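As structure tokens, here come the structures.
Each of the next two complexes has subunit A plus one other chain: subunit B in the first, subunit C in the second.
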Partner chain A sequence: MRIIVDEARCEGYGFCAEAAPHLLELDDEGDLKVLSEEVASGDAAQAEAAVRVCPVAALRLEP
Partner chain B sequence: MTGGIGSGGDVVVVGGSVAAVTAADALRQQGHEGSITVVSDERHAPYVRPPLSKGMLKGAETPESVFISPLRADIDLRTESRAVGLDRGRRRVLLDGGEELPYDGLVVASGARARRLRPYDPQAGDAGELVVRDLDDAVRLRAIFAEATSLIVVGGGFLGMEIASTARGIGLAVTVVDQDPPLVRQFGAFLAEHMTRAALDEGVRLVRAPGGVELPGDGRPTAVRTFEGELLEADVVVSAVGDLPNVEWLADSGLGGPAGLLVDERCRVAPGIVAAGDVVARVSERISRPRRSPHWGSAIAQARAAATALLMGDEAPAYRPSPYYWTEQWGLDIKVCGEIVPGSTPNVLTGSLEEHSALIQWTRDGVPVAAATVNHRTPLVKLRKIATTP
Partner chain C sequence: MTSISEIPSLDLDLFTDDVLTDPFPIYERIRNAGPVVYLPRYRSYAMGRYADVRAGLADWESFSSARGIGLNDLANEATQGMIIATDPPEHDQLRDVLASRLSPKAIRELKADIERRADELVAPLVRQGAFDAVNDLARAFPISIVLDLIGLPQNGRDKVLGWADAAFSASGPPGPRTDAAFPLLEDQLAYLSSIEPDQLTPGSMGRAIYDAAAAGQIRQESCVPLMSAYVTAGLDTTINAISNAVWYFAHNPEQWDLVRQDPTLIPSALNEVLRIESPVQFFCRVATREVDVDGLRLAAGSRVMMLYASANRDERKWEDPTRFDVRRNPVDHLAFGYGMHGCAGQGLARLEGHSILAALARRVERFEVGAPVRRINQLIRGLDALPTTVRPVAETA
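Our next item is the complex of A and B:
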């Protein structure tokens, strides 16, 4: 499973990074970085929850 | 209050927006194994509201782009299903079709609806008054904007000013009417004045109507009459005059009131019942009158706290609000952490408002109470820290 960021939509709100801090992070410029390309199966529930708290629906998961 | 319901019970979540979605996710993340049924009166699957007054209204986004990633397969989502009553004794949610949903645990995330200036009967439908709350509202207004040249927005809060900015951006002549100067309550005088100047620079007309307004006529309004007697006219009039908590379905259960649904420090309402999102009213350390905090960030934090409290009861940690909200208007991208309370002093830490890029901290009696960025990308962790650390 992979987390895909639509960078044109992302406004750097940071909710996803708070929901899954070891998968996603805002860097010093406030831009979103995906820390782990592949989401381990044990992290799937956290990744799904992180994707769904984005206020502009800029994230999705790909199998 | 009591213990939690444990990990095996059946949970019903009433609501179909981010609070409901987050509560369902949080229950599963915390190991809940029983059934979870999400009951939404919307005809759409859950979607995000923040773009509705911005990109969606402008026509830059398609309705498909605002949908939240589909819920997990082990969560049962029922759309077009309205909760109309609650039987606490028998632990059942009553649906409009006559069905009764039994529950061991209930999450109330029934949200809020737009307040209207004209009398409004939800069952009979609207009387032509335009608001922006749901996806269908935004889609309809976008089509109306495409045929219009002038707009009056009643209400100069977050939503009203965002609608005004979007409409001005696509070329409409825009007037904003409010009883008070715009945005002061939400952003404090310092920032509100800057935002208001930006609106005036874009050619928006601001009208004060201290006594309030009415929408004369029937059908879709094309005029606003102020209490002082001034008549303003435009092709389109949109009302952005706040929201009302959806508590009516709880009336017979003795829960909820005009201020919202009161929760304790763990987002609990009653044994086996928790709540999150725009419907929730809480008392804070600072203000003892129950208040709602109808923001995205509050909905998410409350949903997580509510899920934990439902499962763990008194063992759950208390909910500690950490306010975070934002707006985009007149080319200004503003994010705020904390509360810009009356009597606090703004200090510009980086940049300046004149350069339209700034990092601002508010202090009261030397203690930080809030921080904001204006067109200044900053990690949320850092902004939260500046809002709370001297």
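Our next item is the complex of A and C:
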């Protein structure tokens, strides 16, 4: 499973990074960085939570 | 294929004084009747369950905003070209102009100033001991911040709030309330049209709209509609969130104790206020094609009320949804909408709400409120007055 950020839609709310700190973080500039596009099976729940909390639906999971 | 007649039909009036005062029983009936219901009175449909509202908002290709988000033709025509009534690609160009100034990254530099303004507003009110939590607190705060950020000239500012209230209410169903509100929406647009770009504070959010037009990023005729988005969406929503917070904390003092003991709960507490008392009750979408809504076939062309306030109390989604719980952290509530049209100003709204709650948490031990006066608006739920007295935190030596 991979986590994909639609960069045109992402506005940097950062709720996803709070939900999935293994996978995503806001850098010092306030821009979202994907730490790991590949989602390890142990992080699947975090990845799903990250997608759920994005207010502008800028994240999605792909098999 | 099932026919659309199988969508349950409910002969409900959502816009009586009684329902606008307490819409929640009717929302529960809509949720329990099905994933989407037909409301013959408005020749429109309504979705009240969380999962369906969220999925509908995410699927902008099936549920368009471009034919307007209201329940009457006049408002839907008058709002053509406003960002709330656009689809991509037009939407995305307009959104970029707002996001360039409203994204969390863009507003970071405002944080210290907004926190200072919150302290300066709250400290004398607490010393005074008694105040109207709507007029003196909830209105005073966003009005001073937002109108400065937009860079509006002083002339006309006193009318902006009334126009914003009417701009929402004008999107209700045909009838006397809509008829009364619509001219005020026109007055708002006329006022905004009369402002020359150089009357807007240099560097302000308003000025940035005209700069974007001058740079060819958006069309010149998009400037006034974007200004309208700022002055409409930036006020009532935050005002109601702040006054609703005071009401809920007055009635749930043990929840206020939790926030005072642990101010890191403030973001969760604001989300919970927005969930349980969502300022925006609904916006509409129009189905661009036949859509399967949880097994029911919704015909192309159907206008659908997306009931945010109902979704945020859907017992299918939330455990004990009428319980106010500052530890719930309902971060995926739909009070700001969701997806492409999700509130562009939510970062600023959160910053304002967090700053006010933090300023109150430092100073107020208990709120006591009298009977609230409800403000009747066809799209926005909130208060017109809330007599409040506070017991200050004991001074530490």
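Operating definition for what follows: the second predicted complex is superposed on the first by the 63 of 63 C-alpha atoms of A that agree within 3 Å, B and C clash if a C-alpha of one lies under 4 Å from a C-alpha of the other, contacts with A are read in each partner's own complex, and residues count from 1 in each chain.
Heads up, the rule we're going with is that a residue touches a chain if its C-beta (ideal position, glycine included) is under 8 Å from a C-beta of that chain, and two chains touch if they have at least 3 such contacts.
These figures come from a predicted structure and were not determined experimentally.
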item: Which superposed partner A:A8 touches (first subunit B, second subunit C, both, neither); value: second
item: Which of subunit B and subunit C A:V39 touches, first, second, both or neither; value: neither
item: Dominant contact partner of subunit A by residue count, subunit C or subunit B; value: B
item: Which superposed partner A:P55 touches (first subunit B, second subunit C, both, neither); value: both
item: Partner chain in contact with A:E29 - subunit B first, subunit C second, else both or neither; value: both
item: Which of subunit B and subunit C A:A47 touches, first, second, both or neither; value: neither
item: Touching partner for A:C16 - first (subunit B), second (subunit C), both, neither; value: neither
item: Subunit A positions touched by subunit B in one structure and by subunit C in the second; value: 9, 11-15, 29-31, 52-53, 55-57
item: Residues of subunit B defined as touching subunit A within the complex; value: 18, 21-22, 25-26, 28-29, 47-48, 50-51, 65-69, 72, 296-297, 300, 326, 333, 335, 377-381
item: List of subunit A residues in touch with subunit C within their complex; value: 8-9, 11-15, 29-31, 52-53, 55-57
item: Of all residues in subunit A, those that touch subunit B in their complex; value: 9, 11-15, 17-18, 26-31, 45-46, 48-49, 51-57, 59-61
item: Touching residues (chain side subunit C, partner subunit A) in the complex; value: 58, 92, 99, 103-105, 108, 331-332, 336, 338-340, 342-344, 346-347
